[in-house]
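Look at the two complexes coming up: chain A is in both, with chain B in one and chain C in the other.
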Partner chain A sequence: MSDFGVDVPEAEGGAHAAYGRAVRRDRGFRVVKATLAYLVLAVFAVMAVGPFLYLLSPSFRQSYELFSYPPEWIPKSLYWGNFSTILHETSYLRWGLNTLVFATSVTLITLAIDTMAGYAFARLRFPGRTSLFVLVLATLMIPTAVLIAPLYIMVSRLPGWTHAGVNTYLGMILPMVASPLGVFMMRQFMSTLPEALVEAARLDGASEWQIFRKIVLPLMKPAIVVLGIFTFMFQWVNFLWPLVITTTDDMKTLTVGVASLQGQFVTNWGVISAAAVMTMLPVIIIFLIFQRWFVQASMAGALKQ
Partner chain B sequence: MADILIKHLVKRFGKVEAVSDVSLKIEDGEFLVLLGPSGCGKSTILRMVAGLEDATSGEIVIGDRLVNFVDPVKRNVAMVFQNYALYPHMTVYKNIAFPLSIAKRPKGEIEAAVSRAAGILALEELLERLPGELSGGQRQRVALARAIVREPQAFLMDEPLSNLDAQLRLQTRLELIQLHQRLGITTMYVTHDQVEAMTMGSRIAVMSEGVLQQVGTPQEVYRRPANVFVATFLGAPPMNLIHGALESTPGGWRFRGENVDVPLSTDVLSSPELQHEIEARGDVRFGLRPEHFRIDAAGEEGGIPGSVQFLEPVGSDLYLTVEAGGTSLQVRTDPDSTLQAGDNVTLHFDPWRVHVFGADGHNLRRDTAAIAVPGVPAPTV
Partner chain C sequence: MTSVTTEEAWDALTLSEAEYRSAGTRYRLRRSVRAYLFVLPYFVPFVAFLVVPTFWSVWLSFNKGGILDSAKYVGLANWREISNDTELTGSIKNTAVYAVEAIVLVFILALMIALLLNRYRTGSNFFKLALYIPLLAPAVLVGLIWQFLTNYDFGLINLMLDALGLDRLNILGSSTLALLTIVLAEVWRGLGFWTLYFLASLQNIPEELQDAARVDGARGVQRFRRVTLPLLKPMLLFAVVIAIIANFQVFDTVYVLTQGGPHESTSTLVWFIWKRMFQFQETGQGYAAAVLLLGIVLVLTAISFLLLGGRRRRAS
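== the complex of A and B ==
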């Protein structure tokens, strides 16, 4: 008898036993389910990490060790010569600088353009807004390969700028800025911000630019970081456009430079692997630093009222 | 401070007319409540006064200035939103200071204004917090402080209490009343909550489907509702309505409905023209508030016989649902009553409490038929 006048009947032995069986059966199901899930995940993990390990191993070995039989995965001793060859005998650092300039500039300009375009599509009312937005989305369907030739022609024949666009930073950067996917992402995220915030700022006397700069932009930080990292990572490993637009060794980006290490007759795979590992490292570090923002940004969309 | 004049205001969204020819004057320093169910156009009116929506036609005058084409900020009104609309990335101080810093006022002036507003709303301790760290009531006070700091000519409040829980709502309601008494700023307050409207408003403007139904003091709209909508929207439980007809007898007017046959006081319907109209129209509805019934034993002379169906004790009162000739009547009575479901009773009432609504829904009482609603033609009866 409890204080609130509720009678709790004593459980009987039979009921207890049945309950115990049910608990054990339920636990068994859960163990099987978890095992299956982990197995599937493990397969995917191997698929994702495998190539990376396959690359890591040769970068620490001499060329002649690479083709030994049976193949050795773990080197007996770490050989650092491949890294030193890259740093001293190729323009690797120059390529790294080029890539940094290229990827950073594209990222910054993309962020500026995409956030403003996203704001306009999400919050401003102007004639043709919907059709313009559909047009922006439609450009997503055009394969990059189709665009390479026209882009090259445009860049090489910019008015009063004959051939000047080829093999320059400007020519490399400009065609890559403003991604339709980024505009779409920014617009979707801004649509989730409460309209009342913008209206309150408008009543408080803020101009359209001030609303964007002081209210919307700070609240967009997670989405901006995500778009920034995506763009940076994508451009860091962008191969096709830098390959087409650069003509001299000192303008190459890392991907183009590393690819050029492959000789016609002899290829030092150890050196190429080491170069590839060094190229990946900055991206991985950046991702690790900012990964919590990815979670935040995806949560923000889910939880906003 | 200023008065607000709304003249023949219309707002259409596509084919939908959200606001139909509304005219209203809010006096300088008045606390006017726009009351109505969701989607009746009350918020739209407020947003048009604020400048967040353009009027399709009509005029909005604040002070002596026509503001239809004036930017929201230059109208010098401050709005408090239902979800507070605080800037989540700014501290309370920066939120309150925002309108002034946008206006590029000197730093000292901003500090003085913020600390004054924070003082009025007891926010001094919270100035360095972010909105996310505040309770609902505190956020609402910050929103009010941000409105006060601009020293606006008028406050526009869009259901500012509806996100608060019941107890906090009561407390904040009192704070708002005090604030209005203290600052005396013209206020337009939108709500669908009749208790807020009755307790806060110097006057209430009742709206339905974009049309202004009645404007008056809380007592006026409650005691002398202009039509069936106002009568049933105000009051919980709402006014009881009984269908029937008026008949002229040698002893005066009688209301005859199913199971109901009661004489009417001459105070209620006395003008000869009115009587003539009623005769021509026939069908009417007869309205009585739950608190105006007296419960007597079954079989008493006169009154409405019925049987108790449900009892709803709410602590301070007891509400009965009484079945009377096919109509369910809500009756308020003493919470100590010993009545049970199934008991037969007779309901009596003072004849002068009765409202009589014509076929078009207008109240035919002598003292309400004459109430002219701005923008709405007075009843012709």
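== the complex of A and C ==
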């Protein structure tokens, strides 16, 4: 979108000069437009990031200081008490561990079974392939709220007539690996695999499993990373299911745990914001390290339909 | 020494038509079995934790109990109860208002930002990252952040109102403003996702089409309406469907910000379901409302396909 390609030299008078003036006017107009555009973008960037910074201040102050007037944005001295309250009076670290176990397990299982199913739907032939895939797609529409009661009953009852699966990792993890989104994504990615490659390996006498392990998976590494990040983030923010399936404090995930702090520390905003800061900080750091993959994951989600 | 004619040797080496066919059948069978083995590890949890629970949920809507005790069949009692429940109709209305406001607002803003980022590429990475960060926050944190922003005593919004010389507002305590806050919180969180989504869609449009339109003298707005928008339509359909499914399930922010209040003005469908199932032990009504939610989502998805999908063929 460069301008007319060549800079018009200042010619003596006439049409040339008029043309040069027009180009300059156009350029001026363009600078104004670009400035406005970046201004708009900057406003939205500040609105996106600002609130997180806004949380930092109260986390380093005593709660009563929040009510001082005029408001003090930058605390005169750092107060670390909120953080030690979180670490010592709540099961925060345990919640972090639970979240890590929960989200990592769901992600690993999802990756394993979704790549296999996605490969079969994209590249293998079997009766009922289309109808099964349509069935998987259709379940994208099923709201979680429809599933929680039957899932709760299943998880709590199946192993016996006690609350066997409630408050266990297995009970939390297993029902979440059935999400259809990954199969859908993997099928779309796998469809881009060159057919000739798979065919060549088949002619060389490789078994389907060998083809999958040795050829398909290595080629699909970027797609697998994308799906991994997607799944992990999805479970990292998952709230309704962990809320329902955990009743004891030491089995809560971070999302459920931090939400429960509001009951425990009713208006102790310093403590609550400290918990929020502690929860967000590691994620933001991980995000900044792997930013390329995150952004790619979202863009790919849009493209590979 | 036995002599073998060429014909006999040929027969021994090749398969008869029947043999050939059965070998083909066997091959296809083996191929299918192997393919099923690839699909099976997903389909076991899929059937167990998605298909079965969906039908179970429909069955449960004719039952009471089940969560702490065993379920009891009660016929249409749950459905009769919720059909007279004004809290449910209110929740449906709130959910619809919320979803429409959130989707329209976030789509307009995201499309605008995506167009800007598509046009002005210098530094666009920085803006993408910044817009992405709210996505990393669990809804619980989004809720906390918005509590901080809207708090009467020290919330940023009220401090700004103060600075402007206006009266402070009890935002989450107001029946009119509370739902709007939940809308804004969701827009704030979802903006990065939809911006990247639209940006990817825009970058998918062949540059030549834009150039051709430009050569033909189409101005910016015209180009957007006549070239960009029609080409975006298939992406838009998918986006609308996903957004409807996601936004009709709003729960987390309600749980953290308002707990459905004040005066049930932010009670959404999933909030209603959750409360009936796990707080009030009115499980039957929760079951019925869950099936109702499923129906609403299905109908809305079908409508989106009919409205937007029909035009897709003309555009492409």
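Here is the rule we use: the second predicted complex is superposed on the first by the 263 of 305 C-alpha atoms of A that agree within 3 Å, B and C clash if a C-alpha of one lies under 4 Å from a C-alpha of the other, contacts with A are read in each partner's own complex, and residues count from 1 in each chain.
Keep in mind that, in the parts below, contacts are C-beta pairs under 8 Å (C-beta built on N, C-alpha and C of every residue); 3 or more make two chains touch, one makes a residue touch a chain.
This is a predicted model, so every value here is computed, not measured.
J.: Given the touch rule stated above, what does A:190 touch, chain B (first), chain C (second), both, or neither?
T.: neither
J.: Using the touch definition from the top, say if A:210 reaches chain B (first), chain C (second), both or neither.
T.: First partner only, chain B.
J.: State whether A:150 touches chain B only (first), chain C only (second), both chains, or neither.
T.: The answer is second: A:150 touches chain C but not chain B.
J.: Considering only touches as defined above, state whether A:200 meets chain B (first), chain C (second), both or neither.
T.: The first partner, chain B, only.
J.: Which one hits more chain A residues, chain B or chain C?
T.: C
J.: After the superposition on A, what does A:86 contact: first (chain B), second (chain C), both or neither?
T.: In the superposed model, A:86 contacts neither chain B nor chain C.
J.: Looking at A:251, would you say it contacts chain B, chain C, both, or neither? Reply first, second, both or neither.
T.: neither
J.: Quick one: classify A:117 as touching chain B (first), chain C (second), both or neither.
T.: second
J.: Please work out whether A:226 is in contact with chain B alone, chain C alone, both, or neither, and reply first, second, both or neither.
T.: neither
J.: So in the superposed three-chain picture, is A:173 touching just chain B, just chain C, both, or none of them (first/second/both/neither)?
T.: In the superposed model, A:173 contacts neither chain B nor chain C.
J.: Do chain B and chain C land on any of the same chain A residues, and which?
T.: Chain A residues touching both partners: 305.
J.: In the complex, go through chain B and note every residue touching chain A.
T.: 50-52, 72-73, 77-79, 81-83, 85, 87-89, 98-99, 102-103, 146, 150
J.: Which of the residues in chain C end up touching chain A in this complex?
T.: Touch residues, chain C against chain A: 31-32, 34-36, 38-39, 41-43, 45-46, 48-54, 56-57, 60, 66-67, 71, 109, 112-113, 116-117, 119-120, 123, 126-141, 143-146, 148-149, 151, 153-154, 156, 159, 188, 191-193, 196-201, 204, 235, 238, 245, 248-249, 251-252, 255-256, 269-270, 273-274, 277-278, 283, 286-287, 290-291, 293-294, 297-298, 301.
J.: Hey, which residues of chain A end up touching chain C in the complex?
T.: Touch list, chain A to chain C: 1, 34, 37-38, 40-41, 44-45, 47-49, 51-52, 54-55, 58, 66-67, 71, 112-114, 116-117, 119-121, 124-127, 129, 132, 135-136, 139-154, 174-178, 180, 183, 208, 212, 233, 236-237, 239-240, 243-244, 254-256, 258-259, 262, 269, 272-273, 276, 279-280, 283-284, 287-288, 291, 294-295, 298-303, 305.
J.: Help me check something: in the complex, which residues belonging to chain A touch chain B?
T.: Interface residues on the chain A side: 194, 196-197, 199-206, 210, 215, 218-219, 305.
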